[in-house]
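Below, each structure is written out as structure tokens.
Note that chain A is present in both complexes that follow, paired respectively with chain B and with chain C.
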Partner chain A sequence: MVWTIELCIARQKAGSERHYQTYQIEIDPDEYVLDAVEKAWAFYDRSLTFRHACHHSTCGACGMLVNGVEKLTCITPIRSVVQDKGRLLIEPLRNFPILSDLVVDTSSMFNNLNKVSFNQVASLPAACLPYESEQPEHAHPEYERLVDCIECGMCISACPISLTSSDYIGPAVLAAAQHESIQSLSPRILEVVDNKNGVWRCHSAYECSAVCPSGVEPGWRIMKMRQAVIAHRIKSFFSSD
Partner chain B sequence: MPTLPHAIIIGAGFTGCALAHDLALRGFQVSVLERGEIASGTSGRTHGLLHSGARYCVNDLEAAIECIEENKILRKIASQCIEYNGGLFIGLNDADLEYLPKFLAGAETCQISIEQISPEKALILEPNLNPALLAAVMVPDGVFDPLRLALAFAASAAENGVRFFPHHEVQEMVFDGGGNIGGVTALNKHTGNLYEFRGDITINATGAWAGILASLAGVDVPIIPTPGVMVAYDKRLVNRVINRLAEPGDGDILLPQRRMVVIGTTSFEVEDPDYIPLDKNQINQMYACACQLVPGIAYALQRGAYVSARPLIKTKMVGRSLSRTFKCYDHKESENIEGFVTITGGKATTCRIMAEKTADLVCSKL
Partner chain C sequence: MNNNDPSSHHFLRWFDPRHKSIGTIAFIINRFSALGLTVYLILHLVVLSKLASGGQAYDEFLILAKSPVIKIGEMFVIAGGIIHGANGVRIALNSFGFLVKIQKELFIGLMILSLAIIFYFGVHMFSGAQN
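Moving on to the complex of A and B:
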């Protein structure tokens, strides 16, 4: 089956205004949005820039706005976002500087992730959410796996607070801090999260959890992080040293 | 103090990033030009298997030994992007059982530490395996995140002064008076501006695109882009890499990654690796293969499907073979063009040794 879609892509070279360009793309609706973008680049316009790597949701490079909503385009089937002869709007993520076209500069997020020593590999139980239904019997703690956060930046793009304040450290980093502090809340992590641009800046819109393609639940983790910070303050208050 | 030699690497896949890291350690100034971003070609779309070498221990001992050695090194230097839970080779029919003794002997020859376990024990370790399995062997396989493996090399390289230029597409080779290559011109796709990069050596590390890039220099590097299809499902049904205990073939590796499992792969030839359409028949073939290894795939949903173009080297090449798993062409030897080297082939697991040997060649030329 082949559909014809109008792929409307936001274009912007460094220093110039954004405009939109439309490409007629013939594509199998079971292929993915990223395939359509790659097709536009391969057959129509080699000046188009976009980010992509793994094409199966393990790397987090290809987050874009699809019809105004954050989507990991490599796992978003064409048929889930457009109909035959329909129009599909592709724009870069919000709340990051745009380098060109669909490429945003996520380095601020990665620098902040470094501040909380975010590790991509964890033991299998630690990689899962604590409230998930019981782990299967064979999930020995010595197994390890890559954690859920793929550092795509989509939660920051969707966050209304990140939109209003570039100082806010953002859901991805706070979720990573929570993940890293399950065992112990280090002074280093406290310094990053317990301030006006950290965990207290969140207004609980939960857009982060809604758009996360990987089940990280940043909203839940931010609330959990707040509990941990309060518990830490109370403990510090009563501890004599 | 003499100025440091400047190497221009074209392509920021595994090879380009690992080579940048190696050359920087040796004191080179290095610039890496990439038309997309790091790992946006074949490398990013790789299956993600950190080979134990067991897959090759019957038919290609040299590749097997290289894999197990590099497997151990990468687990040390890049553990932050590797799920290391080991792997299993499982036999499902009589032909597989016939392969078993050859497999055990090969693994011993290559010093890959393996352990044959009973099917019952295999099912305790991995309850979702096909319960009809007849034999099982544990091997030291692992799984890596492709982008992060490339980034690990790139970050170390950048720390040592390597400059990366993503979204810079090479337009032309810059020839000096004597017909030798002294650099390239590249288009910055963020700005639309054209820049000239001058270097003492230009290294073509564009993998499946190596032939296309080399043609800019008037050089023939006959690469056949040979893609394979991989399919990801949304349930992590195993924790170990599951391999079919048989000669390497299609759809015989199922690996866990994050919350998914990924089955691969196939093999076919294309002319242009820039856009390879997904073939539904191959996706269905992968599904059937995955169900043979782990029947529970039938209850999982497809999460993604993708194609990755291996750089296969046409045989009867005159190029120098630094190893059987990859090739490095010094175009001084083949076409009398100085200052230009092509490196291609190889696999992700062996990218570090590939870079090391290429850096040796580059150093011997300067």
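Moving on to the complex of A and C:
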């Protein structure tokens, strides 16, 4: 089966005004949004820029706004977001500077992830949310796996506070900080999260959790981080002479 | 800087609920109710300061306070206070790590409770007005 869709893509080079370009794309509805963007690039316009790598929701490169909603385009089927002869709007993630077209500069997120020493590998119990039960049967507690966050930046794109302040370190980093502090809350992490641009700046809109494609639950983790910071403050109050 | 960078100038987009989840609805309601209560506080202080100008001003104020327009305004203030307070309870509970997994249900539940309380106040205020 082949559908014809109108693919409307935001075009913008750094520093210039955004405009939109529309392409007629023929595509199987069981293909993915990223395939449609690739077709626009391959058959119409080689100057179109976008990021992609793994094509299976692992690298976090292909996050875009699809009809106004953050989606990992390599796993978003065409039929889930448009109908035959329909119009599909593709824009870059919000709250990051535009480098070119659909490519945004996520270096602020990566720099902040470094500040909390985010480690992509964790022991099985640490890699899972406490209310998850998907740990493989007979798993040895010393087994490790990649953590869920694929550093796509979609949570930051959806966050209303990241929209209005570049100082806020954002949900991905706070979630990583929570993850790193499950065993113990280090002074280094505390310094990053316990301040006005850290864990206290979240206004509980939970858009981060709504759009996260990887089940990280940044909103839940931010609240857990708050709990840990409050507990730390109480402990320090009573232990100080 | 381009239009995609974070900027305080984008705050109006906070109030755009399109493509957003229920958490943003809670966020928007909290901002509107807070703004409403702040405006009310300012008006309240202005009116109270007028009372200092004597007994006649006080009598005029009492007549004004009983007018239906003011009553409806007061109803909005009560609604704003209740809704803002209930939303605050949600945020406080979540911030201490409670009920985060069911934050959506918590918000809906608290809003239903708020509407019930507002309705109770409304009935009380407006039936009292006819006596």
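In this text, the second predicted complex is superposed on the first by the 236 of 241 C-alpha atoms of A that agree within 3 Å, B and C clash if a C-alpha of one lies under 4 Å from a C-alpha of the other, contacts with A are read in each partner's own complex, and residues count from 1 in each chain.
What we mean here is this: contacts are C-beta pairs under 8 Å (C-beta built on N, C-alpha and C of every residue); 3 or more make two chains touch, one makes a residue touch a chain.
Predicted model, so just to flag it, every value in this text is computed and none were measured.
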- Message: After the overlay on chain A, what do you see for chain B versus chain C, clash or fit?
- Response: fit
- Message: Looking only at chain A, is it chain B or chain C that touches more of its residues?
- Response: B
- Considering only touches as defined above, state whether A:94 meets chain B (first), chain C (second), both or neither. second
- Task: Return first, second, both or neither, reflecting whether A:163 touches chain B, chain C, both chains, or no partner chain.
- Result: second
- Message: Contacts for A:153 in the overlay, against chain B (first) and chain C (second): which applies, first, second, both or neither?
- Response: neither
- When the two structures are overlaid on chain A, which partner does A:14 contact: first (chain B), second (chain C), both, or neither? both
- Query: With the two structures laid over each other on chain A, which partner does A:218 touch: chain B (first), chain C (second), both, or neither?
  - Reply: neither
- Shortest CA-CA distance in Å separating chain B from chain C in the superposed model: 14
- Query: Which residues of chain A are in contact with chain B in one complex and with chain C in the other?
  - Reply: 14-15
- Task: Would you pull the chain A residues touching chain B in the complex into a rising list?
- Result: 13-15, 28, 30-32, 35, 38-39, 42-43, 46-47, 49, 51-61, 74-75, 99-100, 103, 119-121, 124, 136-139, 143-148, 150, 214-215
- Message: Could you list, by residue number, the parts of chain A that touch chain C in their complex?
- Response: 12, 14-16, 18, 67-69, 92, 94-98, 104, 131, 160, 162-166, 168, 203-207, 209-210, 219-220, 223-224, 226-227, 230
- Task: Give every residue of chain B touching chain A within the complex, in rising order.
- Result: 36-40, 43-45, 48, 79-85, 124-127, 143, 145-148, 150, 167, 169, 189-192, 230, 232, 236, 239, 256-260, 262, 274-275, 277-278, 280, 303-306
- Note on the structure: The chain C residues in contact with chain A across the complex are 1-8, 10-11, 13-14, 18-21, 23-24, 26-27, 30, 90-91, 94-97, 100-101, 103-104
